[in-house]
Structure formats: structure tokens, C-alpha cells
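Encoded as C-alpha cells, the structure appears first; notes follow it.
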Amino acid sequence: MIIVLKPGTSDVDVEDVCRRIGDLGLQAHVSRGEQRTIIGAIGDDRFKARLQALEALDCVESMVPILQPFKLASREVRAADTIVEVNGVGIGGSRVVVMAGPCSVESPEQLRTVAEGVKAGGAHILRGGAFKPRSSPYAFQGLEEAGLRLLAEARKATGLPIVTEVLEPDKVGLVAEYADILQIGARNTQNFSLLKEVGQSGRPVLLKRGMATTIKEFLLSAEYILAGGNPNVILCERGIRTFETSTRFTLDLNAVPVIKKLSHLPVVVDPSHGTGHWEYVAPMAKAGLACGADGLIFAAHQKPAEPLSDGAQSLKPEKFVRLMGELRVLAEALRRTL
Amino acid sequence: MIIVLKPGTSDVDVEDVCRRIGDLGLQAHVSRGEQRTIIGAIGDDRFKARLQALEALDCVESMVPILQPFKLASREVRAADTIVEVNGVGIGGSRVVVMAGPCSVESPEQLRTVAEGVKAGGAHILRGGAFKPRSSPYAFQGLEEAGLRLLAEARKATGLPIVTEVLEPDKVGLVAEYADILQIGARNTQNFSLLKEVGQSGRPVLLKRGMATTIKEFLLSAEYILAGGNPNVILCERGIRTFETSTRFTLDLNAVPVIKKLSHLPVVVDPSHGTGHWEYVAPMAKAGLACGADGLIFAAHQKPAEPLSDGAQSLKPEKFVRLMGELRVLAEALRRTL
Amino acid sequence: MIIVLKPGTSDVDVEDVCRRIGDLGLQAHVSRGEQRTIIGAIGDDRFKARLQALEALDCVESMVPILQPFKLASREVRAADTIVEVNGVGIGGSRVVVMAGPCSVESPEQLRTVAEGVKAGGAHILRGGAFKPRSSPYAFQGLEEAGLRLLAEARKATGLPIVTEVLEPDKVGLVAEYADILQIGARNTQNFSLLKEVGQSGRPVLLKRGMATTIKEFLLSAEYILAGGNPNVILCERGIRTFETSTRFTLDLNAVPVIKKLSHLPVVVDPSHGTGHWEYVAPMAKAGLACGADGLIFAAHQKPAEPLSDGAQSLKPEKFVRLMGELRVLAEALRRTL
Amino acid sequence: MIIVLKPGTSDVDVEDVCRRIGDLGLQAHVSRGEQRTIIGAIGDDRFKARLQALEALDCVESMVPILQPFKLASREVRAADTIVEVNGVGIGGSRVVVMAGPCSVESPEQLRTVAEGVKAGGAHILRGGAFKPRSSPYAFQGLEEAGLRLLAEARKATGLPIVTEVLEPDKVGLVAEYADILQIGARNTQNFSLLKEVGQSGRPVLLKRGMATTIKEFLLSAEYILAGGNPNVILCERGIRTFETSTRFTLDLNAVPVIKKLSHLPVVVDPSHGTGHWEYVAPMAKAGLACGADGLIFAAHQKPAEPLSDGAQSLKPEKFVRLMGELRVLAEALRRTL
């Protein structure tokens, strides 16, 4: 951390800042320039949150962090790519992994049809929501445990592992009984109680980026899970909030190479929620693949105009199959498989 | 809801859309213009989420909502301002209510000193965090139940009601035993499980706006609590995320008159978290008062450079007292009291 | 345009709104719902700006546009893709066009070396700035006309057409003497005087999206040029401003399929300025290609650590050559050439 | 400037960076920590743009500016508030200055009526647009020079000084013949050619903040005018672009105290354009006053539902008069006059 002092700071104040840095177990390194004196706080930054309080001193103009605030998630701690294994499917290796399924589990027929459709198209993992976070209290909130049971049946029928969302810390155990991967949704990226709980769960976690979460904060959220003892975290870019309204969110593909540089964790891209319109899903899926994503996650539905949620962004099975064919050719050009 | 059809949509497709609207119990009203045919879906929009699925039809260009998606929170359902009563303090009336205290409860001494300081300055309600949501897993996470007990002691000593944050649905009962107002933080504005739980709690709720939450979504989150049977919701603007980095967040005071137009619920402003710098707290507090806020909430600390969190934005007691004096004069000019 | 009236609007007011709509030469179409009365204004919307003034009426709750505000730029006016021809290079067809060169023209040697390097790598068009818009008045502002002359020499030496930025309406004539394509930079996307002037220039225009310009506004800016009689507009996505700071801007690739849906104009992507870091240029270039861009524009420099501007985002020649090889394979997989 | 090196950077590379810093006339100061080596570049930062190129070196992880990039606009160069004098009206002193008038000059009658109305209400300066920047080429573009003549007549009739916008560098002379204050609009905040030209004009300048301009960039734009020899710059906050759509822009009042801390220049607030809705103008005007603005600028119109532009945000004269009364009481409470 660099502490920048205001012009005209007295030597007494400089010494006071140095003493406070020393009290936190760090070394102070003073550098006097023509226009500003700056003090480096050198050492382990686990106490950074306490250091930050120095900003309250009258003599401090600003504080500039030098190190990334996360550790276990960083390439410095682990240089090699992490590959998360899920029932024989490796996420983070040379194979691009495709997760697909309906936003909401609605009925046995709906789930079976879609599951069979996405399996036929070549998906590796089945997605489907049993607990649904809805902006409006009047919208369909999911089939809950009945939905989880349907997902387990679909796994049995298709052999595809299941990824589904968990919304509350005290439901982690229940969802983990049925799911192969626990999904943390975009509204819970900074639900730290939930992160701690899935950190203890032993199940791989698909962690979605929040709509206003910076990449640094996103990696700090992953750090919560890793610090809880769970190394199997898959990051998912699914769109951030910007001023642009022609897409539902702004899918921020830049996050893929940025995360790949900073972290060893696998990254998947969600073009369905990220754009909010099925017409943009195929081009943005290809773009996600091209910039280095380890996987893609899609909303798919047999009859998108009739579902209880999110029809606008769902692909029909025949469109999904066609897209998978195009993605296979693209993956090969990128020296990956799918 | 208005459904805009693509140019060249056939009569068969128009009829299909009308039939689907009818199936949802709404009336379809077709209007054929030179360049577009539009269909209005008339009636109760509780089924809007299902209507939205029509966007998946090939003939649909876009869908435009006409009504606000919330009801109980709206001025149409209740024209008069709601006044939330908390131990004799009315929030939402002509008196401007001030809540102040430390971001985190750190120790008996710290809390007692700050509580006495803000009481002396004229605060009406004591704030303080026992459970702290932190971006980093390595930061101080709060004293938890021990913190709640200290808050209860401070209430006994000062007579000030307590507002404190609850982070998890299954902690609502515990926190409600100690707190007079349950705070839902900015990272939980769309934690719908938690909203449902505090909707059942019988305690007034201070609901903070999320950093990427639109005002519509914010009022929908309030709707969750109201729909659960709890009419005592206080809304809090505390800054949104924008491209500007000279403040920690962008305190969006425009939200105050917009919410006042749309809703009967009281609104308070948090200039401490909204700006992140104590130097900007006083001017933005005055601005919040001037644009119509019903209350203000401040971070205050005896020794801001030493706390376990958020020192940069905390006011020292003497600055708080001076600010309260200025706010009193301002309130009078605005024909309110403080 | 749909005009939504407030609940309880009197018949007199409804008639007044209808009369005003009629006065603008449009037809009013009233639709009375249970909760709102809405009025459609049907007809040519050239007068929309005047219609918008109805929002000032006390009885009007909101106004909702139905039609896109641009015309000549839209697919409705022209369904087939526009191909802009520049000295034998077609932009917008099956061949992906690559523009590359230094951000600033600095010296004859620098430009010659870079121009030869990018030609050897397979670039089709040479870019380089002679007039530079700089946030700081103390930064290098470009070689101006001397820079234009160097660009013309580089064209002669390499055979590559030239694209360079013009900053002021009264410099359009001068720049058009030297340049094959006039670039309008991101800070001038809504410099309407400049747009009108290049609309008259007879030269193809590379129009960059502003950092806070919506896609609708971007297409309206293109409309200014088209309406001036110049059909040769190339759109360029180069990053928007968001809260994320790990990239300099947020390259918004979603804009590519959105524009392709709405407009017939060719789209190129600028991963150099969009990300601001050379390490992210290659993955985002590939992503741009994969989501349907008609071209890519790169900053390239022999010695990026020494230039007078924008070294951080510039590719060295050997990295450019390697990237071009990868893009060629990718283009083939996408059934395009490069 | 602080240069942060990647872990494992060799001594040779450290020396190379130091040499490059020295070549730019600055002193290098190396500080070796446990996890990073950082190098401070000490001295005058006029060459910062060149320093920035070091980011292109493979061994550089990031670069962190320490000093603000502007000088003449900063409080360090001039501690006392600047007061801009315009025909006897001082902007930046204890008197709050009010500018009001129509967005567009439409006709002699319209301008006369509005000018008399705002004068009667107590406005100090008359605003009105003769050249209008419009997103759509099909919207009314202003009366141009005829509009300037009408403004001059209105000045003669009312005695109020005139502020009006100039859009192009080569129109600065023309507009300066008629106007007392030259306005630079939000779409031209980074039109550096125009900034240089008004820097030479000798007329006070009202510089509006761009919708995606950071406060630092805003002050750099002011620096262009100051560096041109014109000390009379008035800054205007008028709303930034965010994800929130219930207001047209997000009026960022935080900018007022931030600018007051960093700069000696006067600041005015535009609640009309900042919110885009007349209903929000009064509360946000009061808020702007309360957080320390030196002035306010309003759109006013006799018949807002009929103008050629921007009726939605225009105050009717009687509303303006009532607001002025409220602002007067508020100014007194803030120990200012109006």
C-alpha cells in the first residue's frame, strides 16, 4: 500500500503515520518528492483493511493499493490452470464445456424434453433452476425441492451432471444432495454468508459475477470459497450493468482474458443472461469461446414463448444443435475441443 | 404491456399473439399503424412475467411495459406518506430523523463513547454493525451476537433505538431480538429470501438500495417486504456504481424525488457510504435534506484512523455536532424540524 | 410514439392531447385500459422531437417511442449489407478487413517501419494519427499537416490506403486531400457540425462509438452522415465507460450483433483502445471476429515503450504477425477470409 | 508516478526502467518490498504522457499516478476561490447566481416573454440556445445567427447578461460578438479544438461536464482553457450517464464538493438537463445549492408543451418564481445570498 501525504505535512505527522504502519506489523518506507511525500507500507497485507483506516488522518491525501487483494485465487499462488472435475467432465482444460438447460424447471415433461435435446446437441452438463431469484414477488419462484428431484431424475435419464442455483446458506446442504455443481447467482456474488457455506460444502461451485461487481471483487468472492477449503470454483461472466439498454446487460467478455491473467480458475460465459435476447446468443457464444472461455452456459427451452421465465433469451433445441456445430468448428480453429 | 410486432407480421401471427394474451386472462387491443402493428395487453398485470415470454415469438420486435411493476409500494395504492414509528420516533413525517453510530461495533468502550457522542449531537437512532459484509474474507467480520448485546446495552444507556444489519434469513429472529430496525444492506437488496424473512419479522426494515439496483427494482424489493405483511419499510439511498472514481460510489440524490413521486415510503440518505470520504459527508447530507429526504444516516467514530472498518468515511464527534447544528438551520428553512 | 396518461385524466385533457397530435400531422389512437389510458401517435415520426414536448403536459405520465429514431441507417430502408469500397478494399463483405498502424505519426522512420511491418503481416489499411485529441493540454498533440504528408508517403511506399482522424469541421477538406478514410474519434461521435461536414466530403468515414453513446445514438450519428449524402459509413466499436477499471474501457462486443440486426452498415472493432492493454488485444480481436465484425483496427508500434502516445496498448510487429496468423485460421472457421 | 514491477523482475530490467525515467528528466526512486519492487518517478510530471509508455514494458505490472494531472485548475496553484465577473455579476462569491431561459431561442415573442419572466423571478443571467446540438439530424437545429441577435435584443430589453452555446471552433468569434458567456456543451467537453479556441476568446466560459467525463478529465478540459490564457472558467455539473433510467441523466451532485476540494473554479448545477423532468428540478436545485454550488442554471419556457425542444424539463414562469422564493430562504440558511 502507498500512502500519499498532503503537501506541507509536518515531520511529526510523517512519523505518526510510520508508527501506525509499524504497529500493524508492516515496514514504512518514506519517499520525499518535490511535490508529495509518499510512504510505502511493506509486508504482508492481510491487515490491509486496518491500514485503510489511515485514510481518515488529516494529513493523508490518498491511499493506493499495490497488491491485488486476493491470494488463493491468484496466479502468483498457483501458476497452472485449475481444472475442476465434475463426474468425469473436466472444466478448465483443453475441452470447452457446455452447460445447457431451461432457466426454470417447470414440469417433468418440459425438463425431460429439454434435457434430451441438449444432450443430443452435445452439452456436457444440464442446468436448470429449482429456486429462482425474481425481482418481483409476484413472479414464479421455482418448484423448489420438487424441482431438485426432477433434476436428479433427468441426470439419471441422460447421464449429464447437474448445475443448479442455491439461494440461502441453510439450503446449501439440501441442494448439494441433488446437484453436482452449486450455482451462486449474480445477485449473490457478494452474499458472503452463502459463499462461506458453499466453501464448506465439498461441491464444485459455479460463481456468477454480479452485475456491479468489479473483477477484483469477483476474485475476492472466489477467495471466500477457496479460503473455506473448497478449491473447485468455476467463474462465470454473465453481463454487467451499463447505460446501454439494447441488451439486457452488457456481457463483458474483456473479463475473460483479464481473469485468465490474474487467476488460475476456469471461466465460463453466459451469453443467454448476458444479452437477454436469443438472437444475440450465438454470436456472443462464439466470441466467448474465441477470447478464451473454458465453457459456455445456455438457456434452452422447447417452447420459449410459453415458459414461466426468461423465454426471450432461450434457444430452441434446433437452434442449439446448429450453434453447437458451429462452435465445434470454431473450437478446432482455436486448438480446443468441444 | 404493449407488444410491438415486426413489420410484415401476418394476420395469423397477430391472432396468435392475441390468443396467447387472452389465455393469460388479459384483453388484447390491436392498433395498426403505418409502420408497425402494436397490441396492448389490458388488465391486471400480475401475470406479466408470463406475458414477457411472448418476446420469444419470432414476430415480436419488442415489449414495452406501461404500468410500474410494484403495487403496494406505489402512491396509487396509498397516496399519503407512510410514517414508520420506532419507539416513539416517527420516520417519514415533518421531523427529519438522524441515525448515527459506528460502522462496526468494536468494543464496549468504543460503542459507549460514540453512542454518547451522537446522542449529545441530537441523533434520534443509534446505528452500528454486528455482522459485517466484507469484500475480503480476511477483513474483520464483526462481533456478531456479542455486538448485538453491546448495542442493546447502548440503547439502555442512551435511550436511542437501534438499527443494525442482518445478513442471513436464519439470523433474522436473532437480530430482531435486539434491534429496533433491521437493516438490509446494499449487497442484499435483491436477496429475496432475506426480504421474505424480514417481511415476516414484525420489525421495521431499513432497506438500502443496491449499487446496481434501479429505482424500479428497489421498489420491487420493498414490495417483497410489504407483500409479506410488513408495512414498515424505510428506503435508503446509499450510492450507485458509475464510472466516476473520485467518490467511492455515486450518491444518487435524484432517487429521493423520484421515489417520493412513485412511492409513499420514507426515504433516508447515507452520505457516509455514498461518498466514502468524510470530507464530502456534510455537503451531501445537506443536499439530501434539501431534496426531500426524511432522514440521514451517518458513520461516526471517536478515532476514525483506528477502527476496524470504514474510518475514511466516519465523522469525528465534534464534526458531527457542528454538522447537526447546520442541518437544524437548514431543516427550518425547508419547514421541517430536526 | 405511445403517450401514457396519468390515472384520472379527464376527457377534456384526452381530447387536448389528441388535438395536439393532430396538429403535428399525425393520427391519434386512444386505448382505454383499466388502469391507464394510452394514446398512440400514428404516422411519420419526423416530428417526433416536437411530439416529445407533450411530456410537459400535466396529464402525461410518460412517452414511449415505438420506432427506431434513425432511418437511412436502418435495415428497413436497406436490407442488404453495405460494402464500403476503399481503393479496391471492400469493407462489409466476406473478407475481414484489418487496419493497423501507430496511434500517432511521430517521425518518417517510425511510420515507415511500422507501415512495412503491418503490411508484411497482411494488414489492408494503414492507420495513423496526425491530429491527436488529448485529455491533457500538456500531451503531444500530433504532427498535424506534416503527419498527413508522412501518411501519404507511406501509402505510396506500401500501397495501403490511409485512415486518419479529423477533429474539426474546417479541417475536413485538408484531411480529405490526404486520407482515404476520414476517422471520427470517440470524443466526436456527437460533434454534429463535424458529422455534417464529413457527410459532404465524399470520402468514406470510420465513425467511432463514443464512450457514453448508446447504440441508438451511434446510429443517429451515422444518420447525420448518410443524410448529408455520404453512404460510405463504417461503424467502429471501441469501448464504453463502465465501473470496471481493470480495462481502460469496456469493449462492448454485444454492439456488433445488435448493430448487424438494426443496420446495414459495416462494423469494425478496435480491441487496442477498447481494452487499453496489449495483452488483451489478441483475445478480444478474436472475439470481435467471432461475433461478426467486418474488420479490426489495431495500434501497432515498433518500440511501444518509447512512443509519444498509447504505448501500453500497441502491439509489436512480431506479435501482430502472429495474431494475423491466428485470425486467418479463425476467419476460415467462420467462413470468411482475411 | 509509481511504476509497479512484476514479481521476479531482473536487476537489469529495474535499471532499464530507471534509465528511461532519467532520460525524461525525472528522478527514479527504487523501493524493494517483499512481494513487489516499485519505482517512483520524481519530478515535474509534464512528461507524464511519455512516462505512461513505460506501461508497454514486459516487466511493468501497472502504473499509478500520484499527482493530479491538472495544474492551473488546482487549489495548489491558487488556494482562493476564483470569482468570474460578468457585466457586474460575480460568479463564485457568496451570492448564488441564477441563469435561466429557454433551451432554444424560437421566436422574438417566445424569448421576450421568457426573458421578462425569469428577470421578474430574480434571475441574474439569461440563457438561450441559438445553435443546438441534436442527436437526430431531423430535429430543429436552432435559429443560428438570427437567434444570437434575438438574445442581444433581450439583453438590451432586460439588462441581463447572455450565456449561449458555441459548437464549432470557427464560430467562437461570431458567438463572442453577442454573448457575455460562451457555453461549451456536454458533447463538447473534450472537443479540444473548441477548448483551445475559447481559451483565446477573452470571454468567460461556462464549461459543462460531459456525460462520461470523470471529474479529473473535466478539470483537464478546464486546464485547456486556462492554459490558453483565459482564467474565467465556470464549471457546470449537468448529469452523467449511468444504468438508472428513471431520470434522463444522473445529476452527480457529489461533483460539487469534490471539485470545490480540488479546484478554485466556480461550479454551477443544471438540474433541468441533469434530471430531464421538470418535476425533479426544484428538489435537485435546492440540493445543488445545499452542497455548495455557486449557481444554478434552469430551462424555463412559457408553454413547455409547445416548444421546439426540451419541454419536458422546462419550468413554467410561475413555477420558476415560486422556486426562486424557496431558494432565497435556503440560501440565507446557508449564509449565502441569492
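In this document, chain identifiers A, B, C and D correspond to the written order of the chains, with residue numbering beginning at 1 in each.
Note that in this section a residue touches a chain if its C-beta (ideal position, glycine included) is under 8 Å from a C-beta of that chain, and two chains touch if they have at least 3 such contacts.
Keep in mind the model is a prediction, meaning the values are calculated, not measured.
Colleague: Which chain pair shares more contacting C-beta pairs: B-C, or A-C?
Modeller: A-C
Colleague: Taking each chain's centre as the mean of its CA atoms, which one is most distant from subunit A?
Modeller: D
Colleague: Approximately how many whole Å separate the CA-defined centres of subunit C and subunit D?
Modeller: That pair's centroid distance is 26 Å.
Colleague: In whole angstrom, how far does the Cα centroid of subunit B sit from the Cα centroid of subunit C?
Modeller: Inter-chain centre distance comes to 38 Å.
Colleague: Which whole number of Å gives the spacing of the CA centres of subunit A and subunit C?
Modeller: Centres of subunit A and subunit C (C-alpha means) sit 31 Å apart.
Colleague: Would you give the residues of subunit A that are in contact with at least 2 other chains, written as numbers and ranges?
Modeller: Answer for subunit A, listing residues that touch two or more other chains: 212, 240-243, 245.
Colleague: What residues of subunit D sit close enough to touch subunit B in their complex?
Modeller: My answer: residues 212, 214-216, 240, 242-247, 250-258, 260-261, 274-275, 279-280, 283-284, 286-292, 329-330, 332-334.
Colleague: Once bound in the complex, which stretches of subunit A touch subunit B?
Modeller: 20, 46, 48-50, 52-57, 69-70, 133-140, 167-170, 187-188, 190-193, 196, 210-212, 217, 220-221, 223-224, 227, 240-241, 277-278, 301, 304-312, 314
Colleague: Name, in rising order, each residue of subunit D that touches subunit A in their complex.
Modeller: It is residues 2, 4, 7, 29, 31, 33-36, 38, 40, 42-44, 64, 66-67, 76, 241-243, 245 of subunit D that touch subunit A.
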